[in-house]
Amino acid sequence: MEEVLFFASAIGALGGALGVIAMRNPFYSVLALIVHLFSLAALFLLLTSAFVAAAQVVVYAGAVMVLYVFVVAYVGGGGESAWEPIPGQRFLAPLLGIALFIELSIAILSSALLALGTQGPEVQPGFGDPAAIGRLLLEKFLLPFEASSILLLLAAVGAIVLASNRREGEAHEH
Amino acid sequence: MSSVLLWTPLAFGIVGLFLPRRIVGWWAVLGTVAALGVAIAIALGFDSGSSGLQYAVEEPWISGLGVDYSLGVDGLNLFLLLLTAVLWVGGTAFAALRERERAKNFYFLMLVAETATLGAFLAQDLLLFVLFFDFMLVPFYFLFGAWGHDRTSEGGISASGATLKMMIYTLIGSLLMLVAAIATGILAADGGHLTFSIAELQQRGLSLGSQQWIFWFFAAAFLVKMPAFLLHGWMPDAYRAAPLPVLVVFSGVLAKVGAYGFLRVVLPVFPDATVEFQEVILVIALASILYGSVMAFTQTNVRLIAGYSSVAQLGFITAGIFALRADGADGAVLQMVNHGLVVAPLFVIVALLAERTGSEDIREMGGMALRAPVLAALFLIVALATLAMPGSSNFVGEFYILNGLFQEKIVFALIAITGVAMSAYYALRLYQQTMHNRKPDGLLSREIGVRDGLVLVPLVLCIVGLALYPQLILERTAPTVAQTVAKVTGGEAPEAKLASMSEKELKELVTGVPAPGVHP
Amino acid sequence: MSATAWAWLVLLFPLLGSLTIALGFKALPAKAAGIIGTAAIGLAFACGIAALISLLGDEPEARHHASSLWDYASVAGLDIKLGIYVDPLSIFMVLIVSGVSTLIHLYSYGYMQSDEGYHRFFSYLNFFVFSMLLLVLAGNFVLLIVGWAFVGFASYALISFWYRRETATRAGMKAFVINVVGDIGLVLAAFLIFRELGSFDYATVFERAPEVFTTNEWTITAICLLLLVGAFAKSAQLPLHTWLPDAMEGPTPVSSLIHAATMVTAGVYLIARTHVLFELAPTAADIAAFVGLATLLVAATMALVMTDLKRAIAYSTMSQIGYMIMGVSIGAYSAGMFHLMTHAFFKALLFMAAGSIIAAMANEQNIDRMGGFGKAMRFTSITFVCGALALAAFPGTSGFFSKDEILAFAEARGGMYLIFTVFGYVGALMTAIYAFRLVFRVLPGKPCPEAQELIDTGHLHHPHGAPVNPATGEEEDTDVGFPGAEHHIAEQSLPMRVAMGVLAFLALFAGFVQVPGVDDVVEKWLEPVFEASALAHIHPSLEADYIGLGVGGVIALAGIGIAYLLYVARPELPGMLERRLRPLHTLFANKWYFDEAIDLLVVRPVLAVARFADRVFERVVVDGLVSGTEGTVRGAGGVVRAVQNGFVRSYALLLIAGFAGLALYFLLSSS
Amino acid sequence: MNIEWFIVLSALLFATGATGILIRRSPLVILLCLELMLNAGNLALVAFSRMVGNGEGQVFAVIVMVIAACEVVVGLGLIVAIFRRRLPLNVDDLRELRG
Amino acid sequence: MNFHEPSIDYAGISPLIALTVGLCVVLLSAVFNPFKRSAPLLTMITLAAAAGLLIWHWDDPKTLITGALRLDDLAISISLIAILTAAFCVVLSIREKATEEAGSGEYHALLLGSVLGMVMLAQATNLITFFVALEMLSIPLYILCATNLRREGSLESGLKYLIVGSVGSATLLYGMAFLYGGTGSTNFGGIADGIAQNGLDGDPLILIGIAMAAVGLAFKTSIAPFHQWTPDVYQGAPTPITGFMAVATKAAAFAVFLRFFDVALGSQLDAWQPALAALAAISIVVGNVGALGQDSLKRMLGYSGVAQAGYMLGGVVVLSSSGTSALVFYLAAYAFMNLGAFAVIIARERETIFGDDIRAVRGLGAERPWLAWPLTISMLALAGLPATAGFIGKLYLIEALVEGDYTWLGVMIAIGTMISLAYYLRVVAAMWMSPEEKGAPGATPAIAGASPEADPVDPEAGRRWYLVGPAVLAAAATVFFGIIPQPLVEFASHAGTALFG
């Protein structure tokens, strides 16, 4: 049963990912990513991390992707030409991708870490539920938590700075 | 005292920046004269008997890195300091007699250069030495580049190009030397207390293995600076670019720092490597002698004749040092001073000639002796000294050098001496082509002015004085040199022993062969 | 006052004279310079006499004193003092040098009067005398070398005295460089001596040499050969002689003083001085003797055909020095020195006479254009003849005795040394011929225009344009003090007459100081110097001496006869001979192609190397070293910038590739 | 299901994302590919967190999401600015700076 | 459920708090018109406060909030360097177009945010803090680079930086995941223990983790071959930001580089030491040859930055107390040398039409000595010539390298320096040895510096206190520490001992 779920969502995630990079039209890529995200959420659940899964769905599939769709709609996602200006890029890129994957897998599979071959230890029921994560966030990882909030603020400011055109007029004042 | 000598020029230089530009030139001259005064005072107070450091100063500078601010005077650098001081007076005064734009910067840099050079001679801490050795270049970089001559019109390269070439070339060696110096200190300390004091390093000593590569890093720096054969690529362009007053001090002093470095650092600190690579260096030295001489008599540009002749001269000096005999090294030290004293007035004269002929090509000169007999006479003296005419101090220097070489490596001596014959030709050719023969039309031959004379004559008097009494230098140099050489050859020769020795014993010590007729 | 003290004074006066004239060239009036110069040398001569007297005061074997002023350069075991060595030999030389010089100064006083460079000339001349005296008085090899080089320089300065003559400056350079070669020989010899004996001092060296060296051991032979290089260069022996004829570019007094009377005999002095070493190396000594002989003959042949008056005399000088070298090398020390003395007299005289003729010819030196001066310049002609007689060893003249003594000695040594006697006489014959060839070509016969003018008007001035350099034909540049149109005729200037007169007397009669069996002043005087030597005690028997004198006399007369036949009785003969012996004549006339040979073997190769170094090596290798490195670096820079192509994706590519590489490395290094 | 399966999958996703960045030219899609890479990281984190049995990995993942969001926001802001400046939305055409 | 509030040493995190508060205030000042112009002042005050608070903690190390941070002298010294740089940046930004484009408040707020990230990064001892701080450092910079909105180059640089930077951080993240997986801990200390306990010495999993972390950090410190963003971004970004980036980012990144590789991965030294040494050598070569013949000064400094990073990496490679000290010293010196240079470049950008092209400084020596001397000194110092802090810095580094048996890397530094002379001295020559470039306004402008919409030329810029002041100050410091380096050496050695007892 577990295997089935895993493979199903794995295929979903991978398919989504491939879709992202394969689609000519950015709009479809966004949709593919959403698929990918949902299947990831599923995988998270398999790994008994409910909260992360939830966040994944809410934050990503929810907020971020909507933002994407807006922008795509705004700038108009014309498909890109198939012409490749950089010599060798088209040939090297997949090669590197494969090399990367192989290297990483080797690292994983040849590792002496026995736990990798297990399903992981038995965990007490509360593992990975919002309460547990929340406690961690507020106790051990308070600082990063706060910091990331500030970061969000900065990002927002940045977005305004970049996207708003209110400066256009002012720039000429002085 | 050492510190005073070191910082006087810089102090004057800084003050000079805030003076009206009319008087800044003479202010600079004043500064160099002050420095000369201090140098002379040091020389007078110098105890010629001892081989040790005098006027030593030692303060921690960067304690974290084991670098000390330590200066000192001994037989090796005493007269080089004097030479520096003298030539800077000459060069600066000669410059002060002429107008130039951005005078403040010019004289500031001149004085900075003097401090740097004095520092290189005075430094008794290896890193301090390296620091000054590298720093010397900086002011000259600007002096050559900003006040130099563009040769682009003559198919040459621009002043900035030439000076950049010089800078990179000479720093190649210097930077490697920096690494080598640090390595020396650390390897010698070997976990213990880190110091770069040269005296201390001599005691500690290194393994042959590390000596070998370190030796070459140092050699690279010094040989380029001289410059030695194959490493002289920067010299022609730099010499043609340089403003002459600057060239006076540059070729007079800076080349010597390289040779001095061998005596001060390489021989005592890396004795084993020195012995091992003696022949190699000698070969380079010989190549420099022959190549320099040969080139010197193909050139028609006065600067280059002088330039290549100094390549040859430095070859002699190097050969003398690497004869690894007391007499050779004594000769080398003497010759450093001599060469400085001849090449400097030579360039002053070149400047005067250029002013009169508007050219630096001997093919466009000639016949000037008639209207300028005094100039001709001075030039003649300089030329004869350059070709090491017997009776000149240069001859004594070469005689000692070659004797040392002859007793140690006879074949090298035989080859080297051919350089003497060639030097006779190119030096005399230089004199004849300018002062004798037909005078090209439109060349105005004017007698040397009194003020220029005041610059030139004292320098020539130094030559004459030394010619009469070279012992002045030799006897003060000998003890230190003997000690330095003894470090390499292993034989222990503290000055006490030297002093007590009878003349005949001394001969035995030096020649190695028991002096006949001595039967103890 | 001790002999050494006087000797120091001998050195001092000429030096002072030179400096005073040089420094005061603006203040001093022309005459003053001449007077000071002459006086300085005169004083030196006087001091020489004084030294001689004080030496006579000591026992013969105690007649050598060393004295030094200060340590010149004396560390690390080479102790070189500023020291002199006074003994009969050096004093003998001092007297000849200063004596002859005094007369020549006197001559120059008149001769150079019309010359712009008057001061310069006298200060050079004094400096030369100082150097020469330094050379002979030096107490160690280093100082010897110093003097040696100084005279070399002085001769350079005086040869190129008229320094706007290309020919003069070139000749000067040639002389100087060849002399430097000689100096190098001496320097090397000094090194070798120091290595073996640990000292440069004459006294020490001569004392230790016999103890250290075994006869003909290679080191001592090498030392002597190196010394000979110096000697030959200075004394114009083969093959280092080529500078001497060219040296005639200098003013005539110079030729007579330096290139006839004194400097060129330095080689002879050197061999005599170091005879201790040479006797330890007989091989070297014999080589020297043969070279001397060769020079003697070769030079004589050239002198036979030269048409240039001064050059002809110059070759005769070479040839005469050949005699001396031969003499001192085979051990006839006193004879050699004796000939040196007499030669100094008559050769100086010849040059002076020639000088006054040349002056009258406005520097025309070609004897083909001369003639009739016998009538025009009587005094000159007489002195000229006196000189010629002495040179030709006319019985009774000084040359007669001195030359003969050498040959007699060679004969007395016997064996192989008879060769020297035989060829010595051959040389003597030629000598007589060329000597009188000059006489007959110049003095008698139909007067040439100048001579004619002189006969008619009694004085000379040259209306015909600016003078030209006879060698190249280029117009002389008169303002360097080249003698102008007005000339002083020896006849009319008292100082010149005095000088020539005195020398004429000496040339004729100085021989009588040493007549076999009658008196032997010179030998007696020099005896203490050579007493240690084995050869010095060989003496030709009296009859041998007189036979020799007889033969010599006959040969001399024969030579003069032949000359008369050729140039007076049957003037067409020379031309015929010339055509007959065309190849020989060309060989002689072209100076045996020595210049060409040297040019081919030494000068050209060096210049070729130089050109290669300059045109090829410097450009290709030296600069290549730089530009090569620079090129590589710049090339690398080009690559880096090409990779920096502005495509963000290729940046990412490189980043990931870099990571892949790094990861690969880590995987490989993982356990 | 063994953990290494998850990790290998994440590796695959990571590689895919990387490849995407290298071959796509639209900045929008490139941003998406960045998301892919970050998510791959997240997956690994969560998987490991399960493996070692502590929540730290999950916390990390959560925070990474936040950060990813920030990057997206900024990225999109840039894209809009570029669009405003009437510059082509193709990273290959943005190469005024090079050499 | 029970919730233990973590014990928080507020004194310890006071610098962070100060920065955060200041950030918010500055941001608000943008909203309220009366304070519109006060943003720079407020920023300076904030920085001063933060600096003061940091100095207050000098020499008493403490671990903060459940091992998220470690406030020791290394962190403090690096933070101070970052803050100093920021302060310079603020002054140099006066009248900068970018500030007006972005709005003074936002601009400075972002700057402060970046500084906050740096200060945090310098103290990070936990993977999560590490990652967050790194992002907080970077994201504001992405924006700041692009703030000169009217310039294509600015936007381009922003986008490039964002894309490549994110790839870098993604890689870093993935590496962190591996390390966490291998050791089960996100604490540096915990990682070290984990490696030991699970017997993962030299295990591929860990090593790949290290490799990825190294890539991430190498990217931030612009080590070749991960350097390619550097020249472009340096050239495109507004010059004050470039100056800030060039120094501060390097400093912070190197701080965490040291801490991470020492505390967490020290045991794997044998594995990563040669690799990093190789990277150092590569970037020395690449950076130096790349900088040859660049006409844009900023670009040239970008490449030189790559080379300099290579030198500094040496300090990490040897992983020793002296190495760390040398690195900190060099960073401090580097700050002065670079800021001096950038100040002059800004001045010329504003007063000539040549932007940052080398033509802009032709004949500067005669025309504007007060600009020429600082730039000259900066160039000579960067070239490592004696009597400047740069020389002492190299000396210090090489000494550390030789001690750590990496003499060959020392030689590489020497060789690199030789090459570097060619381009540093080119600038000097332009100033002193060539006549001033006369270009009619509106002549075809140079590279990025002045793009079609070139800013209006301010002929007096070369005399403005806020440009000349910083330049002279930096130059003075460069020379001062070149002649009397002892104080700076002391300062740096603290950092060294902080990490290595």
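Should a chain be cited, it is by its letter among A, B, C, D and E, assigned in written order, with residues numbered from 1 in that chain.
The criterion applied here is as follows: a residue touches a chain if its C-beta (ideal position, glycine included) is under 8 Å from a C-beta of that chain, and two chains touch if they have at least 3 such contacts.
Worth saying up front: this structure is predicted, and the values here are computed from it rather than measured.
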Quiz item: What is the set of chains touching both subunit C and subunit D?
Solution: A, E
Quiz prompt | Labels of chains that are neighbours to subunit C and to subunit E | solution = A, B, D
Practice problem: Would you mind checking which chain's mean C-alpha position lies nearest the centre of all protein C-alpha atoms? | Solution: B
Quiz item: Taking mean CA positions as centres, which chain lies farthest from subunit C?
Solution: A
Self-check item: Chain whose mean Cα position lies farthest from subunit B
Solution: A
Self-check item: Higher-contact pair (C-beta pairs counted), B-C versus A-D
Solution: A-D
Quiz item: In angstrom, rounded to a whole number, how far apart do the mean CA points of subunit A and subunit D lie?
Solution: 6
Self-check item: Computed distance of Cα centres, subunit C from subunit A, in Å
Solution: 102
Quiz item: What is the distance in Å between the mean C-alpha positions of subunit A and subunit E?
Solution: 29
Quiz prompt | Gap in Å, rounded to a whole number, between the CA centres of subunit E and subunit D | solution = 25
Self-check item: Residues of subunit A engaged with two or more neighbouring chains
Solution: 85-86, 89, 92-93, 96, 100, 103-104, 106-108, 110, 116, 140-141, 144, 148, 151, 154-155, 158, 160-162
Exercise. Note the residues in subunit C that touch 2 or more other chains, in rising order.
Key: 641, 644-649, 652-653, 656-657, 659, 663, 667, 670
Quiz prompt | Residues of subunit E touching at least two other chains | solution = 128, 131-132, 135, 139, 142-143, 146, 149-150, 159-160, 163, 167, 171, 178, 181, 203-204, 207-208, 231-232, 422
Quiz item: Chain pairs in touch?
Solution: A-C, A-D, A-E, B-C, B-E, C-D, C-E, D-E
Practice problem: Could you pull out which subunit D residues touch subunit C in their complex? | Solution: 18, 21-23, 25, 91-92, 94-99
Quiz item: Mind pulling up the subunit E residues that touch subunit B in the complex?
Solution: 325, 365-366, 380, 384-387, 391-392, 394-396, 398-399, 402-403, 407, 410-411, 413-415, 417-418, 421-422, 425-426, 428-429, 432-434, 485-486, 489-490, 493
Exercise. Please name which positions on subunit B make contact with subunit C in the complex.
Key: 165, 169, 230, 232-234, 236, 291, 294-295, 297-299, 325-327, 330, 367, 369-370, 373, 377, 384, 387, 389-391, 395-396, 399-400, 402-403, 406-407, 413-414, 417, 420-422, 424-425, 428-429, 432, 435-439, 469-471, 474-475, 477-478, 481-482, 503-504, 506-511, 513, 515-517
Practice problem: Note which residues of subunit C are touching subunit A in the complex, please. | Solution: 645, 647, 649-650, 653, 656-657, 659-660, 663-664, 667, 670
Exercise. Using the touch definition up top, name the residues of subunit C that touch subunit D in the complex.
Key: 641, 644-649, 652-653, 656
